[in-house]
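Shared between the two complexes below is subunit A, which has subunit B as its partner in the first and subunit C in the second.
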Partner chain A sequence: MRWLKGAYASLAVIFLMAPLLVILPLAFTSSAFLTYPIPSFSTRWFIELVDNAVWQRSIVNSLIIAPSTTALATVLGTLAALGLRGRVPFAATLRTVFLLPMVVPAVVMGVGMQVLFVRLGLVNSYLGVILAHTVLAIPFVLISVSGSLAGIDRRVERAAESLGASPVRTFTRVTLPLMMPGVLSGAALAFALSLDEVVLTLFVAGPNQRTLARQMFSTLRENISPAIASAAFIIIVGTVVVTALLFLAGRGWQRQRRS
Partner chain B sequence: MTGRRNRRRAALLIAPLALFLGVFFFWPLATMLAQSVSDPAVGRVLPLTSAAIADWDGQGVPPPEIQRAFATDLHEATDDLAVGDMVRRLNSAQSGFRSLMNKTLPAVREDVDVDLASLDRKWSNPAYWQAIRGAVSPLTDRNLLATMDLERNAGGEINRMPAGSSANGAIILRTLVVSAIVTLCCLLIGLPYAMIAASVTGWRRAVLLGAVLLPLWTSLLVRTAAWFILLQDSGLINGMLTGLGIVDQPVQLIFNRLGVVIAMTHVLLPFMVLPIYSVLATIPANLMPAAASLGARPLRAFWRVLLPLALRGILSGVLLVFMTAIGYYITPALVGGANDQMISAVITQYATGSANWGMAAALGVVLLALTLVLYACYGWLSREDAVRLS
Partner chain C sequence: MSHSGIRFDNVSKAYGNLRVVEGLDLDIAGGEFVSLLGPSGSGKTTLLMMLAGFEDVTSGRILVDGALVNDIPTYRRDMGVVFQNYALFPHLDIARNVAFPLEMRGMGRADIRQRVDRALEMVQLLHLRDRRPSQLSGGQQQRVALARALVFEPRVVLMDEPLGALDKQLREQMQLDIRAIHRRLGVTIVFVTHDQQEALTMSDRIAVFDKGRIQQIGTPREVYDRPANRFVAEFIGETNLLAGTVETAENGGTAVSLSDGTRIEGRSPAGLARGSAALASIRPERARLHAARPAEGNALPAQVTDILYQGSHIRVDLKGADGQLTVHLDRSAGEPAVGAPVWLGFAPDDCWIISP
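Here is the complex of A and B:
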């Protein structure tokens, strides 16, 4: 029984992890095919990503769109999370409504956005793509920030106020440092989501706004090359680096506050 | 007093997001809903005809004043793009309209008083006039009916479309079937997995939960690309199967239903494991030994004790996986074949391929309705949970 449990769990873990472990080494293959075994290791596909105009453009586009989405979604989501903390009428309903972009299928949003953005002149523009990605990213920021706000003991803030701190000072010195981990993980989630987004980009972006994920998607459909594995490597590393940087920034900031 | 001020401050903090989502989330959804029933192509070009033809009973050839209004409309139509849209729309309602209009338009533009019936005898055929009458309204249920393979005949009655002319019903059915299979696979793998994860402790539990969370945090596109590498004919799985001598020829694992189910099960498995695990983690660990000490065999203890307690988590997981699966686009699009495309792929095809936004929007309405119903069930389930706990 115990043996069976172990075997089952190992198999399931292999099933869950294998795809991630398989794709990363192929980023460094010297072969022209996306297959094993790897003849020898080389960085030719990373060089291809940087040299090829289409890939290069898509990386630059992702570097424009993902940070903008992160900033916009984090500001909007954090403000709303703070507002929803108070005694607002219909707070639960509002929260459910704000989380809807996570539920509605992306293709459904894509059709509506395409038709509307054509009318508003936002189609085939960076702004349009950033706005679309922000809609998708907001629920993640909201959940993340609300989670960290729920962990704050309101008495701490009241204590600061009763000791004579102004509301602004209470916020910057007490609430903000305590909620910072939630804000930062929300920002990291928004960044990762924008970096990975394909469906809305497909509907809203023009050829000039092709993101890295969108370029990977069409390469997978049309001409499969190991450049995909290299791009996947960049997406994974990019997400990890941004998350790490945000957490380091948060910790440094908190330490500075404390001293 | 401070209460009111706090409330105003909260409203000010919420307002930007409410405004943003109103404009860039709800407005697009409303646009899509409107698009699914809007049909302005004909009425826009033929305003006089629209007004005149409303009184016509549809019998025989319409009276001269309607024909006159029609000729005037065509004479004054200068927007070639709009005229082209109108001709396309009329031709889809009644074949033969394209050639008829190619003949009629130049003649009417030259002389608005031309006799239509002598220009082309098709104008003596009531079917063409009925097609115009059916198409002048700016609202239509044509696209919504077409999602269920239904259409209206010339008399306005709803009929089943001739077999083979529309695949929408089959695609919706296929979407539900594939999603159900994926949900079942997730349940069969996820339930034992969650039970094992809840029964162990320490590093074992950390590994099991990490293996679920790590893929969840990794790019969906990267995971799908990885399955592409694993499943292709020269991929690792086929390499292993042929290497071990289990099969002689590579097995077709990609661009078919099997590939879609494998890849989607992998992508959605965390959504099954996590809700079940979170319920199981709250069940006291000594419950199963208690059942055993009372003489229940393991299977009976599982069936009568653990399963009923875990049922809520299982239902949440099933709803979550099924709801996400029916809207999936990327994974079926990349690892599925032509016969595995689900409703999202067809919507994308209509919208970005053939520029048929009416049909794309109508299928979107179906998908949205299905998703929201499932979400409501899920919300109801988790609220019941919260009520019970409080």
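Here is the complex of A and C:
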């Protein structure tokens, strides 16, 4: 039985990881084609990413857009989760509205945003792309933060008040530290989502706001170069690093509170 | 430090049409230990939550030391609250939990440390000061909660069924500990419980709640020996209730004739009118069994239906003229046989007559 469980788990992991395992080694190929076998290992495609102005630009753009989206979506999603926690009329309906961006097809949202952003003069601007990504990321933050808020016993907050903590101090000293894990994992999700978002970016970004994911998408259509694999490598490493940092930040936060 | 008196003046609480507390008056003296005792839904916890400031008062006034507190937010009321589920801060260690109210009051680090250690010493948990709440047992967590509620020397300490989640042995130990702490610090304590034994053990006075009203307020002896009405008689301890009609009532000496014509004598509060319906309450441990009709006191004929060994006493179930009766006998007393006809005797002083 135990053996079967282990085999099942391994298969599940392989199923999830196989595409990555196929593409990632190609990031280090010396060949000009995105194919196996790999003649010899080289970092030429990473150098290409850094040297080529278009790729370079897209990396910088992603470094602007993803952190901004993360910050904005985390703040707004957290506020929404806190608001929906209280006794709000139509709370269930409001929550559904907040979660809509998860279920509405990205293409539909993209068209809508493009029409709207043209009117607002936000099309082909960084702010436009950041706002578009933020709309998409808020539900993930909302779900993550709501989950950790649901785990907080209201009586613990009441206890803080009875011990002399004003509502503001109850929030900063009790609620916020207890909900922090949810906030940080929401932030990690928002970052990952912005980093690999393509569809909305296609609609609202101009040539100057091409993100790394968007650039990979065009390259796939124009010439399939191993630079894509290198870019994918960067995205994956970037996501893992940021997630790990947010995780460590959460641990550090708790440790600092402990001492 | 003097401790604060509390006054509830015609206090009511309603949720929409549902009235949870109705026109309640209650005075609690400074330094007193008062239990609010009643079944769930009787309004006792709601009253405590209004006193703590967690719930609004629908009408009426709550005064602490003569000052109206209705509109003062919880964090300025200066009351320690102990909850049934402990409500410790899971992200802080034990020392930081206890330090919390002192930090909120802007006390210096050295003072805080000294006070925290003294409070933890009082509940015998100083050695666990660096642990997290999740690493402690339920009893230990509740003692931390107690230290946290006392460390800032609040005017009043409120306890909402604080021992409800603990097992019996631990609960009895904590009852004694809390009593000892109350005696030492002299702080005013309002203690909510549905456990009548707990209320009897711990309180200076007990307020018995039912249906949003106080049915009786008095010392443990008063509510047990002289219950004000049927609800109190039945809720606190076991009792035998016999229905009848008042025959004579004068100066506390009251006679009642039961449905089968038997006349019994007892004591009663003032105000029972001749000819009105009444209930006679006889505690099982105050009654005796006799083989023949006793010469003195009240006597009722009965038949033994069951004998149950209870360790500290023997419980005898009987069938009387008017229904089932129960008697608790000393282990030294002779046991009757099941099915035997006996006489159940009790002194007029042990028969308390109330209106139904």
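The working rule: the second predicted complex is superposed on the first by the 243 of 259 C-alpha atoms of A that agree within 3 Å, B and C clash if a C-alpha of one lies under 4 Å from a C-alpha of the other, contacts with A are read in each partner's own complex, and residues count from 1 in each chain.
Quick note on the criterion: a residue touches a chain if its C-beta (ideal position, glycine included) is under 8 Å from a C-beta of that chain, and two chains touch if they have at least 3 such contacts.
Values in this document were obtained by computation on a predicted structure and should not be read as measured data.
In this overlay on subunit A, subunit B fits alongside subunit C without clashing. In the superposition on chain A, A:Glu161 makes contact with subunit C only, not with subunit B. Taking Cα centres throughout, subunit A sits at the apex of an angle toward subunit B and subunit C that amounts to 110 degrees, reported as a multiple of 10. Between subunit B and subunit C, more residues of subunit A are touched by B. When the two structures are aligned on the shared chain, A:Gly83 is found in touch with subunit B, with no touch to subunit C. After overlaying the two complexes on the shared chain, residue contacts for A:Leu178 are found with subunit C alone; subunit B is out of touch. When both complexes are overlaid on chain A, the residue A:Leu49 reaches neither subunit B nor subunit C. Contact with subunit C, but none with subunit B, is seen for A:Asp153 once the two complexes are overlaid on the shared chain. In the superposition on chain A, A:Thr96 makes contact with subunit B only, while subunit C stays out of contact range. Legend: residue contacts after superposition of the two complexes on their common chain; A:Phe15 is shown touching subunit B, with no touch to subunit C.
Of the two partner chains, neither subunit B nor subunit C is touched by A:Ala27.
For the pair subunit B and subunit C, the model built by superposing on chain A gives 6 Å as the shortest CA-CA distance. Touching of subunit A by both subunit B and subunit C, each in its own complex, is seen for no residue at all. Residues of subunit B that touch subunit A in their complex: 3, 6-7, 9-14, 16-18, 20-21, 24-25, 27-32, 35, 189, 192-193, 196-197, 199, 204, 207-208, 211-212, 214-215, 217-230, 232, 234-236, 239, 266, 269, 298, 323, 326-327, 329-330, 333-334, 344, 347-348, 351-352, 357, 360-361, 364, 367-368, 371-372, 375, 379. Across the complex, subunit A is touched by residues 52-54, 73-81, 83, 85, 87-93, 96, 100-101, 104-105, 145, 148-149, 152, 158 of subunit C. Within the complex formed with subunit B, the residues of subunit A that make contact are 1, 5, 8-9, 12-13, 15-20, 22-23, 26, 33-36, 76-77, 79-80, 82-89, 94, 96-98, 100-101, 103-117, 119, 131-132, 134-135, 138, 142, 192, 195-196, 198-199, 202-203, 213, 216-217, 220-221, 224, 228-229, 232, 235-236, 239. By the touch rule above, subunit A contacts subunit C in their complex via residues 153, 155-156, 158-167, 169-170, 173-174, 177-178, 254, 257-258.
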